[in-house]
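Take this structure first; my questions come after.
Going in written order, the chains are labelled A, B, C and D, and every chain counts its residues from 1.
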């Protein structure tokens, strides 16, 4: 368990490295920037890991994902992310098993509380990650959300 | 033209809670129509929220944000009577801005 | 690299196991679904359709260039508040029992001079005029008590017809409405199935319609809901605004009378 | 097959008929005949665009559906007996005579709820697989949490019912036409209506009764 855990942290670091390279998770000037196509087109966690960059994220109890364990429909899954970490500057929501893993990023300027809520689509049951950048360091939380099938068959 | 947003902004002391519903289909580009042809992607990419000229939140979204998107957050420094302005831009270059007075 | 997958698989398996213990797991699952539904209550996209409905209500349209502001939904011309909660009802001017949708179409054709085709265009698609107008009308009955006593002979007959249709089985699955909606505490997969034959069940259900359906990105009217139930029963498309569909609604709204309308709801 | 159904009959029917005696038919509206004629007329008019073929296969009622509708799914004893008689006669065996198929195929069928949707609003795309959708109504394998409860739980079914040839025959016949045992059952008559093939039904039997199936693990 310990070993796989360390490995996981490294891979998460790689993901962050790629997202940074793609130019996202930079606070403040997002609105003036271009949409980060490269980051939003990342297909698989595998690809992210292959492109492993520097830096590592720490799992942190200070980052919380507010979401149900089970969603009745994958088209709308309420997800909130809150960070208690000082100087939180940005928050990203990622869904491991979606066709594109990155769902949304939020830049949190000074004066804005580090908590956002939105609703996302999930193609299937998956782990959802919240990544937080605070004072130049990275933190994350993970939560599995199950997607259930409807009864009448579409 | 894009339909208007529904914005709520409520001050509790110095903290303003903002809730926004946007009217947008948020089409992923991965779905097919009845005839089996792909439906082109159409989704909001950029969102910014300002109060008195100051950006209080900016976001970048992919097509995995749900249709008719919902966004909620809080910021410091706004007061009853101030205006909050929300702007979105989608991948086809369409955009929409709406304003609300903080209650 | 494979290790991350093992780690993630362990998370998944762990969560799966915790929920697998049949009865207890099912209860836990239903609890989490309740949490999901609760989280969606705050910020119902139906508010967007309601705004569109307000625009349409006051917009001069059709050959007559008229607005809908003089539309009579049963409480008198232009009286919107509480009107939805008393529909369907008999209208002397048309000589028919009408639901909110068929009555709105009457107003659009008679007052505004729109054709039937124009008034009902894309009724089954997100963004239709009907979706917006029904959302507006229902929202203006929020908090009102559903009151469909069916005292008029035509109304009483429609209740009886609706009940017959409700129990009418056919098709490749031998279904009727009653197959899924005549017992208490039942679910199809994890979706609750209201018992629409009882006051309690009909009240719980009808008080939430029309509703924004997250799976459809649209507000579904009661006719849209019923016609889709028939599609799921593997029937062909039932006609929009047809008597049998209004009769079903009449039967259910009568059963639901006394409930406080909380529409528009938000549903799967 | 006719003989099979008869041998199974007494055991299954007896408690059911006793129950029926106690609950009897619900009262119908006073002018029941008028209302049902009016309702049938309304119903027919509501499907003005249905083709004659669609009317015949999707909307017209056979004798059993008409009886169950009329009696609100609680037929009096003599009607129940008639339904059982008609239903028994409908059951057909797979061509190879094998009533236990492949549980893995049966497991797939149990989850698939698609197929058979028609009309212009939202028909299935061509080639959509038609499944049994068993999980819509039954808890079956423990792993599937999103199971309905319209029907009884079938978890550990082989342990409950055993795997004797009689049990296999019963389960096959029950899926083929549930109304041979429970008149006016909510369960679709999967074989009778040709929704599933005899081979697919045999696969579903295996999913429920094969000791290797996750249902019995």
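As a working rule, a residue touches a chain if its C-beta (ideal position, glycine included) is under 8 Å from a C-beta of that chain, and two chains touch if they have at least 3 such contacts.
Treat the numbers as computed from the prediction; the structure is a model and nothing was measured.
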Legend entry - Chain labels contacting subunit B and also subunit C: A, D
Inset, instruction - Could you see whether A-C or A-D has the larger number of C-beta contact pairs? - result: A-C
Inset, instruction - Would you kindly tell me how far, in whole Å, the mean C-alpha position of subunit C lies from that of subunit A? - result: 36
Legend entry - Length of the line joining the C-alpha centres of subunit A and subunit D, rounded to whole Å: 46
Legend entry - Approximate Å spacing (C-alpha centroids) for the pair subunit A, subunit B: 19
Inset, instruction - Could you put a whole-Å number on the gap between the CA centroids of subunit C and subunit D? - result: 28
Legend entry - Contacts with 2+ other chains: residues of subunit B: 26, 66-67, 70, 72
Legend entry - Of all residues in subunit A, the ones touching two or more other chains: 70, 75-78, 119, 146, 148-153
Legend entry - Overlap residues in subunit C, where contacts from two or more other chains coincide: 19, 29, 187-190, 214, 217, 232
Legend entry - Touch-based graph of the chains, sorted into line, ring, star, complete or other: complete
Inset, instruction - Would you tell me which residues of subunit A are touching subunit B in their complex? - result: 24, 28, 30-31, 35-36, 40, 75-78, 80, 95, 98-100, 102-109, 111-113, 115-122
Legend entry - Touching residues (chain side subunit A, partner subunit C) in the complex: 3-5, 7-8, 11, 45-46, 49-50, 66-73, 75-78, 96, 119, 125, 127, 142, 144, 146, 148-153
Legend entry - Residues on subunit B engaged by subunit A in the complex (per definition of touch): 15, 26, 28, 30, 45-46, 48, 54-67, 69-77, 91
Inset, instruction - Within their complex, state which residues of subunit B touch subunit C. - result: 3-6, 19, 21-23, 25-26, 66-68, 70, 72
Inset, instruction - Name, in rising order, each residue of subunit C that touches subunit D in their complex. - result: 16, 19-22, 25-26, 29, 124, 157, 160-161, 163-165, 167-176, 178-180, 182-183, 185-190, 193, 227-228, 231-232, 234-239, 242-245, 247
